[in-house]
Amino acid sequence: MALDTKAIGLLILGLIIGAAIGYGATAFTGGGGATTPSGGTETAGPQEQQTVTYKIGFTLPLSGQLSSIGKLWEKVAYMAVDDLNKMMASYHLPYRFEAVVLDDGTTEEKALQNVQTFAQQGIKVVIGPAASSQVKAVKSFADSNHIVIISPSSTAPTLAIPNDYIFRNTGSDALQAKALAALVNHEGIKKVVVFYRDDEYGTAFADFFKKEFEALGGQAILLSYASNLADFASEVASLSSKVQSEGAEAVVLISFDTDGANILSHAKDDPVLSKVRWFSGEGIHGASELLQPSLAEWLDSINFLGTRPVFISNPLYEEFKKKFENLTGTDPPVFSEKLYDAVFLAGWAIVRAGTYDGEAIKNALPEVAKHYYGASGWCILDKNGDRAFQDYSIWTIKQVGGEYKYVDIGTYSGGTLTFTESP
Amino acid sequence: MVGVSEVLNTVQMGLAYMVIALPLTLSYRVTQVINFVHIIFITLGAYTVALLGLIGLTNVWIALGIAFLLGGALAVLDNVAVFEPLWRRGSDVLIIMVASLGLWIFYKYLIYAVLDKLFIILRTNTLSVLVRTEGFPSVTLGAVTIDGYLIDTVVTSVVVTLALYLILMKTRIGKAIRAIADNQTLAEISGIPRGRVLNFMWFLAGGTAAVGGVLWALFQTTVTPEIGDQIILQVFSIAVIGGLYSLTKTALGAFIVSGTENIVIAVLHDTFGLPLSFRPFLVFSVLLIVILVWPPLGAGGGLPYRFRIRPRARR
Amino acid sequence: MEFLINFIISWLPIFAIYGILSISLNLEIGYTGMANFGKVAFYAIGAYLSAALTMSVMLSLVGKSVPLYSIEAVQALSTPGTGAIYTHPAAYVGLFVLSLVLAFIVAGVVGYFITYPTLRVGPAFLGITVLAFGEMFRVFMRNYEPLGSTKGLFGLNNPFIWIGNPQLSQGLFALVSLALLLAIYIYAERFVNSPLGRTLRAIKDDEVAALCLGKHVPRVKATVFFIASGMAGVAGVLWTFYQGSVQPDTFVPILTFYVWAMVILGGMGNNLGALLGAAVFTLVDRVLTFAAGMMGPSLIIPPNYLRWMIVGIVIVLVLLFRPEGIRPAKPIKTPAWEAVKEVSEGG
Amino acid sequence: MAEPILEVKDVAKYFGGVRALDGVTLSVQKGGLIGLIGPNGSGKTTLFNVITGFYVPTRGEVWFEGERIDGLNPNEVYLKGIVRTFQIPRLFPSLTVLENVLLTPPNQIGEKPLYAVLRSRWEKQEKELAKKAVKLLRRFGLGRYIHANVSELSAAHIKLLETIRGLMTNAKLYLLDEPAAGVAYDMAKEMFSFVKRLRDEEGLTFFIIEHRLEVLMEFVDYVYVLHNGKLLAEGKPDEVVQNKAVIEAYLGG
C-alpha cells in the first residue's frame, strides 16, 4: 500500500482541529455561552417574565455583485429585528429575536455554506438569499433539513413550487411583466423590442412580457444581451439596428442597475435609440447613475417609464421609509420593505408555531402571512409560498426642485392602471 | 446590420485594446512571464478616472497622468517585491506567472475591500461608477456624431504608441530593454544593469496598461471592480495573435478582436440569429484557432518545434 | 457534539471535492509540469453531466417528459416522500454511481483532446487555452436551453435522501465522499510512485530531454490530463449531489485558482500536501464564515473579500519564502531501492 | 571500412530565406569515431537536429541502419538506437542518479498508464533494471552516487552519466554535442579517452561536434567540416588540418 499511515493520521488531526476551531467559533458566537446550540435561549430579561431569544439567520449579498443593495439591506435587517423586539416588548410577549447576518458574496456556494452554518447553530429560519440562483442552491439542503428560507427578492418563476421550505415575500416576475405590458399598451405603443439580460431573471421576464403584451394586441421582438460583460456599447449598437429595421416604437429594457445605466448612457447618444420611447422594470430603479444631469435630462425628455413592485400610499411604508432615511440618509433600495416584512413574518411565525422547529414554523408561516399587513402591504402567500398580491408603481425620472429624482407617478393595482400625475 | 456605430465602436475599442495589449507583449518579451497583474493595471486606471470624476476632478488628461504613475508604481513594486526575487532564485517562468496570479487575486479583492470602505465614506455606490470626465468635445459631422471620448482615445493612443516606439527604438534604455529581450545572458555580460532596466520597463508597461484602463473606462462609461477581469482573455487573445513577440502584430490583433466583437457578431446575429451573448465565445474561438493554427513555437517553455502526430517517415 | 457532527458532515464533502481537485491539479502541475488554468471546466462537465443524466433518467422512471429545468420536473423529483428520488432509491443511488463513472470518462476524454495544443506550445499557453475553454463552456451553458441555460438545474439531493433522516443521509454521503477521496489519493500515490511517475518528473524537469530519451511526451501528457480531468469530473458529480443543483455561474475561473492556492500551499509534487492544502483552505473559509457571524457588521473587511485576499497572498508568500510548500516533493518510491540494497548486500 | 550505420543524403534545411543546411551528404561508419567541425553558425547543430528528428529536412534523406528516419519524431529516433547529448548536459535535477539511469530503457511495463498503479505487474522488471543500472554505475565509478542528487555531481561526472545511461538500452549511435565544452584540457582528454574506450569495448559508434580541435583530432578517425550549410571538406584528421579551405573558413569565420 502506497498510503502511509501518516496520511491518515494527519487527515484525522485536520478533522479534529477543524471541528474544534468551528466549535470554538460558535461558542463565541453565542456571546458568553448564553446560547444553547438549539438556538433558543432563556435569559432573565428586565421584565419579571423569562424571555426566550431566537436567532434569525440572514444571508445577504454584502459583497460581490449585489453588494450595493446588500449593504443597505443589512441595515434594514437590523432595524427590522429591533422593531420586532420593540413590538414584542409592547405586547408583553416573552420572545426576543437576534439577527445573525452572514455575507454570501452573491455566490451560490457561499449561500449554501451560510445556510449550513445556520443549521449547525440550530437556526431554523433564514432570510435571504437574494438571487434566485442562490435560492436554488440552498433549496435541497433547506428542504431536507427543515430550514425555512424566506427570500425577499427572488422572483424567478421556476421557484414557484408548493410544499417546500422556500417562501418568497415578493411577486414572481410573471406579475410584473403583466403590469409592464399594460403600461406600454396604455401608452399607445404597438411594437416594441424587448432588450433583456441573458440570465434567468431577464429571460423569464422577457418571455412573460411577450406573452402578456401580445395578449393585449401588441408585438414584442426579443433581443438578449450578455449580462456578464462590462461593455454594452456594441450591444446597444445591435439594438439600434434592430429597432430601426423592425420599425419598433419603443424599447423595453430588462436589466439590473449597472448594466442598465450603461446601456442607457450609450443609447442617449444613438441617433435611433435616443428618439424612441423607453420602458423598464424595477431592476434599474434607484441607480444613482441615472440621475446624472445629462442622462436624466434625456430620460425625462423621452418620458422614460418603469414599473416596480411596491405598496402604494401605505402609511406603514412611509414610516419605514422615513425611519430608514433618518438612519442612513438614503432612500430604501429595492425590496427593502419586503425584507423588513419578511423579518416580522418570521418572528410571528415562530411565535405562532410555539416551538423553534422548522416544520412547525413552515406550517405557521402562511397562516401568519394571511393576517399580516406591513410596509409592503398584505403579505398573503399563494400555494407556492410566494406573495400572492403585488401592486406596482409607475416610476419615472423628473426634475424636482432643480434636481433629478425618481418619482412615482402612478399605480398598477388589481389589473388597473391609474396615474396620479400625468406622465 | 453593420452601421456607423459598429465601425466607430470597433475603432474606439480597438485603440483601447491596443494600448492595453502592447505593454503585455512588451513585458512578456522581456521577462517571458505572462503577467496576470495586467488585469489590475486596467482596473486601477479605470478606477482612477472614475473616482476622480466622483470627487469632481473631471479633467481626463490629469486622470491619464495619475493613472500612468499609479500603474507604473504598482508594476515596479511587484517587480521589486516578487518577480525579481523569484527570478534571482532561478524560478521557472511558470512559477513567476503563478505568483502574478496570486498577486492579481490579492489586489483584486484589496480593491474590492477599499471600495467597500469608500462606499461608506462617500455614500455612493463605488462598486459601479459612471465615468464623468471631460476631454475634447463631441463633433457632429452630418448625421454622424463622433463622441468626445473617442477623440480623447484616438489622441491618447497615438501619443502613447508613438512614445513607446520612440523610447524603445531611439533611446539608450530602450535599446537596453530590447537587448535583454533578445538575450538575457548576453545582455548581462555586456554590462547592462538588468535590475534598473527591468524596473524602467515595468514602469512603462504598468503605466501604459493603466492608461489603457482609462481609455477602456471611457469606452465602457461604467466602471466596476471586474472591469479588468472581463477583458483579460480578449487581451490575451490579442497578445497571442501578436505571437507575444511582435508589437505591430499585437496592434493588428487588437483590431481583429475588436472587429470580431463588434462587426462579426453583428453580421452573425443578423444572418444566423446568433445570440449577442455569444460574443465572448467568439473571441475565445479566435484565441483557440490562433493557438492551434499559428502557435507561437516554443513560447512559454514549450517544445521548440511541432510534434508531428503522424510522422512522415517514407520508405 | 451535535454541532460537531453537523459541522463535519457539511464540511467533509467540500473537503473531498477540493481534495480531489487539488490532487488532480497536483498530478498536472506538481508532477508533470502542465499548467491547467481551466480545471473548473472539467469540474463543470462532471457536474452538468451527472445532473442531466440523473434528472432525465429519474424523470423517465416516473413517466414524466418535461424540460429538466421546469417546475414540474423539480416537483416530480424532489417533493419529500413522493418525489422520484424518494420512491426509487435503488435507481437514484445507481445513477449516482453511474454518474461518477461516466463523468470520469467524459471529462477525461475532453481533457485528453484539450492537450492537443501542447504538441506545440508550452505550459503557459496550455494554461491559457484551457482557461479560454472553461470560459467557453460556461458561456455555452449560460445559453443552452435544454440544460437550463442561466436558470440552472435543480431538484436533486444527496443520494441517500430517501433514508429520511437528514443527518444520517448527509453523513452517509460525507463518508462516501471521503471514501472516494481516499481511493483517489491512493490511486494518485501509486500512479506517481512508479516508472511512469519517474517519467512524469523527467518531463516536468526538461521535456525536450525526455523526448530525446524516447518518451512520447505529448501522449504521456495527454494521459495525465485524461486522468486528472476525469478526477475533476468526479469532483463535479459530488458537487451536484452535495448542492442538489448546478448553475453555470458557479464555474468561474477563480475557482481554478482557489485550487491552485491549495496545491501551492500544500506543496507541488506531493499528494498529501495537496490534501492538506485543501483541508486548510476549506477550513479557513468555514471559520471565516463563523467569525463573520460573530463580529457582525463591524467587521473591517467583508469575509468574502478577506478569503480571496488570503488565497492570493498565500500563493505569493509561499512561492517567495517556501516554494516547496508545507510538504516538499518526495522522492519516487519504487522497488528499485530494494533491488539496489540487494545488490549492495550481495557484494 | 565497415558498412555505414548513418547516411545523410543531400540534406537541406531552410528557415525562411536562411539556408542553414544546403545539400549535405555524409555517412558514419559502424564502430567509427567521427568528428563534425565547422565555424559558428555553419549548421552543425542544425544537422544534429535533423538527424534526431527535431527538424524535418526541406530536402534530402536520412538513413539509419537501412531505415529512413527523417521526419520521425525525436522519441522515435531514440527508439531506433540514436542517443543524443547536449552541449549543456540535460539531466533531470529532481531525479536521483539511479533514477536518471532507470529512465532510459524504453517501453517499460510500469510506464503504461494502466499498469503503473499495479505494482505487481512491473516490480520484477523494475528490480532487474535497477540491478543492471547499479552495475553500470559501479563499472564507471559512479557507485558512490547512486542515491545522490544530480546537482551533487561534478561537471565531468554529469557528462559521464549522460553518456553511459544510454548503455541501459540498445543504443548504437551517439551524437555528442560538444562533450568537451567548458571542461579543463585534462578533463576533456579524459572524456575523449572514455569515449574511445566505450567504442572499443561496446562497439558503439560516435558522431561528435567539437570546437576544441586540439582534443578532437587526437581521437577521431574521420572528420567532416561544415561551412555555411555545406560540406567543405572531409578526411582523416591530419588531412583536414592541412586543408587550405578549412583554415580559411576558420580564420574567416
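A few points about this structure:
Chains: A, B, C and D, in written order; residue numbering restarts at 1 for each.
In the analysis below, a contact is a pair of C-beta atoms (placed from the backbone, for glycine too) under 8 Å apart; a residue touches a chain by one contact, two chains touch by 3 or more.
Bear in mind the structure is a predicted one, so any value in this text is a computation, not a measurement.
The minimum number of touch steps linking subunit A to subunit D comes to 2. With every chain reduced to the mean of its CA atoms, the largest distance from subunit A is reached by D. If each chain is reduced to the centroid of its CA atoms, subunit A and subunit B end up 37 Å from each other.
Each chain gets one centre point, the mean of its Cα atoms, and the points for subunit B and subunit D are 45 Å apart.
Work out the mean CA point of subunit A and of subunit C, and you get 32 Å between them. Contact with two or more other chains is made by residues 112, 116, 275, 277-278, 280, 304, 307 of subunit B. Contact with two or more other chains is made by residues 139, 142-143, 190, 208, 211, 217, 302, 305 of subunit C. Multi-chain contact residues, meaning those touching two or more other chains, occur in subunit A at positions 63, 67, 198, 226, 228. Per the touch definition, subunit C reaches subunit B in the complex via residues 33, 35, 116-129, 131-133, 135-136, 139-140, 142-143, 207-208, 211, 217-218, 254, 257, 260-261, 264, 301-302, 305-306, 308-309, 311-316, 319-320, 323. Touching subunit A in their complex are the following residues of subunit C: 2-4, 6-8, 10-11, 14, 69-71, 74-75, 78-80, 139, 142-143, 149-152, 154-158, 161, 166, 169-170, 182, 185-186, 189-190, 193, 243-245, 247, 249-250, 272, 275-276, 279-280, 283, 285-287, 289-294, 296-297, 302-305, 333.
Taken in their complex, subunit D has these residues touching subunit C: 52, 73-76, 78-79, 83-84, 86, 90-96, 98-99, 102-104, 106, 108-113, 116-117, 119, 122-123, 126-131, 133-135, 146-147, 169. Put simply, subunit C touches subunit D in their complex at residues 187, 190-191, 194-199, 201-202, 204-206, 208-217, 223, 227, 269, 329, 331-332, 334-340, 342-344.
Interface residues of subunit A, counted against subunit B in their complex, comprise 63, 67-68, 71, 198, 223-238, 240-241, 244-245, 257-258, 261-262, 265-266, 269-271, 287-289, 292, 295, 329-330.
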